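Both complexes shown next keep subunit A, but they swap its partner, so subunit B is in the first and subunit C is in the second.
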Partner chain A sequence: MAATIAHAPGPPRGRRVSRWVYVFVLPTLVLFGMYTIWPSVSSIFYSMLEWRGLGVDRTFTGLANYERAFSDPLFWGSVRVTVLVIVVTVPIRLAAALLLAIMLNNPRLPLARLLRTAFFIPVVATTAIVGIVMGFVLDPSSGPVNAALELVGMPAVDFLGSSDTALSSVMVVHVWKWLGITMIYWLAALQTVPVDLYEAAAIDGAGAWRRFTHITMPLLVPFVVIIGMLTVVETMQIFDLVLTMTGGGPFFSTLVTEVYIYQQAFAASNPNLGYAAALGVLFGVFTVLVVGVMLLLVRLVRGKGADA
Partner chain B sequence: MRAPVSRRTLRWLQTIVLSAVALAWIYPLLWILSASVKDATGIFGSGLSLWPESWQWENYSRAWDEAGFARYMVNSVLVTVGTVVIVVVRCAAAGYVIARYRFVGRRLIVGVLAATMFIPTGLFVVPVVELSDVLGLLNSHLGLILALAGGGHVAAVLLYAGFYAKVPKELEEAAVVDGAGFLRTFLRIMLPLSGPITATVVVLTFLATWNNFFLPLVFTFSTPQNRTLAVGMLAFQGTNSTDWSGLAAAASLSLLPILALFLVLQRYFVEGIAGAVKS
Partner chain C sequence: MHTPSRRMVLGGSAAAVLAALAACSRSSTSGSSGSTPPPASGGALQWWDHFEPLEGALQGIFDTWSSGADGEVERTVYNPNEMGQALQLALGSDQMPDVFSNLTGIPTPALVARGLISPVTLGADAQASTSASLFEGVHTFDGDVYSVPIFSHQQHSTLAWFDVEQLERAGGDPEAATQTWDEFRRILREIGAGGQTAGWAWNIAFDGRLQEQLVDLAQGAGQALALNTAGVNPADITDPSTGEYVFHGEGFLQALEFLQSLVTDGAMLPASTSLDAREARARWAAGEAAVFFDGPWNSGVLAGQFADFLPRVGVTNMPTPDGAGYSARGPSSGQFWQSSTSGHGEGVSALFSLLATPEFAQALAGNMDQPPADLSVVAGADVDPTYSRAIEIFSDWCRLAPSPLVRNPGVGAVIAEMEEIRPNLGEIVQGCVGGDIDDPQTALKTFSDALAAERDRAIDVVVAAGTEVSLDDWVFTDYELGTDYSADRY
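Now for the complex of A and B:
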């Protein structure tokens, strides 16, 4: 039967085509099912287990892991640190990258392309390696940052070794590492602003600042939310940098939720995979909530734009 | 006459200020490159200076041979290339049929793909490790490649689907008239047409995989010989925390391939990333 269809010269193509369609979508279905759908669903089951390691017996304990999470100061601390990193770094990245993008979007600015490349380079550098290197750059006794401080007569700072400065240091490196990607987002947004609008405004005698507040800003409003959302989602996955720079310390001052999950699952002397799964589910819910709110904002802004 | 001149001066002034900031911006990366060819006293003693007093190339041979970075490099290349190939094949194929054919479950597939776009690794990691362990894939390159290529990559599917949706129907019909079947039409006409999309997907997947850390870390706990560069770097730091010049050489070895690739294919990186905003 299959052979006759395959060799049929003309019309009964419909069935053959439909079979190929499923062949084409199958790899994605199987792989995505194994590595995205199954983990999402099974996490909920795993989160209700007392489970002390791969291949070890597990017992069903209902919502005990969630009860524990809700009364776990380290978990709440990790949520607090994650939120703090978002609240501090996202606005800085949005504002600084916009400023850079506006300057570098000027086609008559000399060396604009080269400068864009320079600001973008940290984005492609492997985050985990950047984290380790930064531990080195910020070293209190011999790193170049402290060498510079010494040069201007300031005392050495143990940036990553003190709980007062560790989180700020991680945030500074995080902004440095990822500012270039936000700049590219803004440059893409700026490309959508029609050039003749500026020319018309210039003819009408509008200065650079007026052109910015009256043309650029209103047209960029819808992008603020989209770029903000992309930036927030990226920031929630700050795992690589935190694990390599501080491992969550000192005294849990940089412990973000993903690092805490990792520690519970793999790095603890007494692993607790069930508890890690529960934390993962809570973190997933948290992410979905944040993204949901931001998507709602996108709709709202777009709706307003359509009304105006 | 004066206005345009002063405006040009102003622009050059802007460039000079921005160049100074840009130089400071890439300074940490330059510093690590320079530290990779200094000896220990050179790193400690020279402060901010980038120029080494004596060139210590043996830092590289120490990282490459003794610290095992030759092995890590091979692993990184294998894992990244394997992942990129699987992602391109599966995403192009899925994007093609999603865009051009109506079939049972199509809407459901698109909905599920979109809904899972932002799920964090933290939620995945325990079940993925458990599944890989049960299937006997946990300690192999193949297991890591499948995990890296299998989950996510929703953006790549949507990118292909968006492209194929815009290809005119006449092209396909002409191919059918010429006697090309489904597979031939796809391989000979559609896939070559989507070359720019493939370039973007290859470059962005390469970047994400080469730089991935969480999954390679948890997949190589009991098989240190399978470590990728980033994971190897963490291990090196853990065991040789005093060999700073070796550490700098290892970091340079790990960063140079991806930085070089970026400088050559910059356009695709930037276009791919910018696409996230425009769509």
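Now for the complex of A and C:
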């Protein structure tokens, strides 16, 4: 035991190395402070002001902006739309991306690399450009989608101009745009499944479905929550796609919270940065709550895995 | 090959970090490079606006001023959507330009009250030529001149621009200056029935323009309105006989029903539901629709972007129930304002004096944008016939509305205090034509009531702060739509 301690890897000159540790951590601390801590603290301060964002006229109003937010039907409507987007698109992305990842993880699949690249290309495309291009693709007058519908004898659909279809259209494009990144997460997770387990199961006569349900899925369970959490956070950042595809319309049907905050801060006839900051803080709290719940789930799942 | 030691790497990294910090420090203080504008106190005179088509006209006065003064102007043109954000950031970082166009959303009296703008001293010629067009509370405050209007109040955004060939094929008269609602609907139905071209392209995704068009059409239907300025913001628009918000009035309801009827007739280009004004114009110019509502600047935009299409275009006034409806706007506000932080007071005054010259008005007309303050100069300008036609229509059918703001500049403080009511007027139009609002009358009444309540609250706030203002400031019982409410009537 004593020999083990004597040979354990450790800092040869502890005090000097610890100083260097602080030096190397310093840039991260400074940047994190400048670009995360300071804006967050500033937002909380601004949220308690009556401030148009112009001039030095700032009146401290305490929690008045929060009171207004809690009674603002458009804010709650935007939260409802945001939650709806999360509830609908996250499971679809997780399931579809897992299916794709399993298919592309098969070493015998021809053109697997090409297909992986093809599914990943939308991820690296600029979201604003995707939004604008999709406006043309889904155009009811001359878009290719409606031309195809017309070819098969179906009536034209006003995908982005009708409040019945606009949100669904945005969600479909969002899933398509980000499917590739979720697929990459799953592919990385699949690399952790030992191949010899599959080989042993195959020798025991297990088919593809039983190998999936009895080996792949149980071993992927710890990843479900973390990939789900990443996907939820990505989905909450849907601002640029909504702004370029619908601007939050028609008639608020695609008004997600990020777009509503932007409108209050910059696009209102009389901008109100104080109120927008209050909405931003509330949305931040909502995000932290969602992530917190999911982290708790991760711990729960890991705890159960360790117990097992 | 020499391998650097760890100390060398660390030393090099530290030097690089220091150099980067030093570079950041330089760029944030000098402002002479990159996109960061320099401070307004020195160097070239900084001029920010959002009037891209005015390049030629403004450059003319900049050159005139530069040739007689030891200075130069650096102009930055912003997208209108970004101008307000740029000013917000500039104010927050003490980097305001010397001159800016006011897209802050804050009424001018509030800019004055907050000390954000400062007065200019016009030359004798400019004083003489602008004496009839400057209004206290809009351009002057306590007798000091803050800006001069370069555009006319005689304009609106609902001229009916059409493809002459399509209109003639549908039995319309391209020479007619006005059309009735019934005739307009018949023509659009006729064009749409051909199946090749939609009757009408609309900008439903641009709620700001929708509310302008509804206000124009409501006036055309006989609804008299008081407007603080030539801009169209619902908080600024009231019933002159009572001083109340009247968006649920008969004129507005009829105008909305008319717009809905064009949609239910099947005359509208289906894609209109997700088009803003620029996109709708492009679709119309590409031949997807025959008619398009727009302001006089359409001639200038077509000349620049769709020159082949312009010779095939005609224009009439907005359709009205009987083909003889007037519209009116409040006094045209100044477009440019001097920042109170400017260190170029004399230069800005000289430039503002040049804005009031006939030469500038002539150059302005040549841009075919908003009409110049003096409409008569258009006749002598080198402009497209459609632009001349639009100006003739405005001369005949657009009048000067009464302005509560001119009567009492304290009204501006009330407007500045008011929060935006949503859904706003444009969004209500959007909801009605899209089927999201089943009962337009109730929606408009709710909107009027919400605005009235918000104004009452704002009045209480500004009165408590010492401003003298009351609801009586909004009442003009002697006004009739179709007449000019000139300065001598206040």
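Just so we're on the same page, the second predicted complex is superposed on the first by the 276 of 308 C-alpha atoms of A that agree within 3 Å, B and C clash if a C-alpha of one lies under 4 Å from a C-alpha of the other, contacts with A are read in each partner's own complex, and residues count from 1 in each chain.
Keep this in mind: contacts are C-beta pairs under 8 Å (C-beta built on N, C-alpha and C of every residue); 3 or more make two chains touch, one makes a residue touch a chain.
Computed from a predicted model, the values in this text were never measured in an experiment.
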Regarding the shared-chain residue A:147, is it in contact with subunit B (first), subunit C (second), both, or neither? first
Just subunit B (first), just subunit C (second), both, or neither: which does A:240 touch? first
Partner chain in contact with A:223 - subunit B first, subunit C second, else both or neither: first
In the superposed arrangement, does A:270 touch subunit B (first), subunit C (second), both or neither? second
Could you tell me if A:27 is touching subunit B, subunit C, both of them or neither one (first, second, both, neither)? both
Touch test for A:288: subunit B only (first), subunit C only (second), both, or neither? first
First (subunit B), second (subunit C), both or neither touched by A:111: first
Who wins on subunit A residues touched, subunit B or subunit C? B
Indicate the residue numbers of subunit A shared between its subunit B interface and its subunit C interface, in ascending order. 27, 54-55, 135, 142, 266, 273
For a test of understanding, state which residues of subunit A touch subunit B in their complex under the given definition. 13, 16-18, 20-22, 24-25, 27-29, 31-32, 34-40, 42-43, 46, 54-55, 103-104, 106, 108-112, 115, 117-122, 124-129, 132-137, 142, 144, 147-148, 150-151, 176, 181, 184-185, 187-189, 191-192, 223, 226-227, 230, 233, 236-237, 239-240, 243-244, 257-258, 261-262, 265-266, 273, 276-277, 279-281, 283-284, 287-288, 291
If we count contacts the way the header does, which residues on subunit A are in touch with subunit C in the complex? 27, 52-57, 74, 135, 139-142, 156, 158, 160-163, 246-247, 249-253, 266-273
Please give the residue numbers of subunit C that touch subunit A in the complex, ascending. 17, 81, 84-85, 87-88, 91-92, 104-106, 114-116, 198, 204-205, 207, 233, 235, 269-274, 283, 288, 416, 418-420, 422-424, 427, 430-431, 434-437
Subunit A contact footprint on subunit B (complex, rising order): 11-12, 14-15, 18-19, 22-23, 25-29, 31-32, 35, 43-44, 47-48, 86, 89-91, 93-94, 96-98, 101, 103, 109, 112-113, 116, 118-131, 133, 146-147, 149-152, 157, 176, 181-183, 186, 207, 210-211, 213-214, 218, 221, 229-231, 233-234, 237, 244, 247-248, 251, 254-255, 258-259, 262-263, 266, 269-270, 273-278
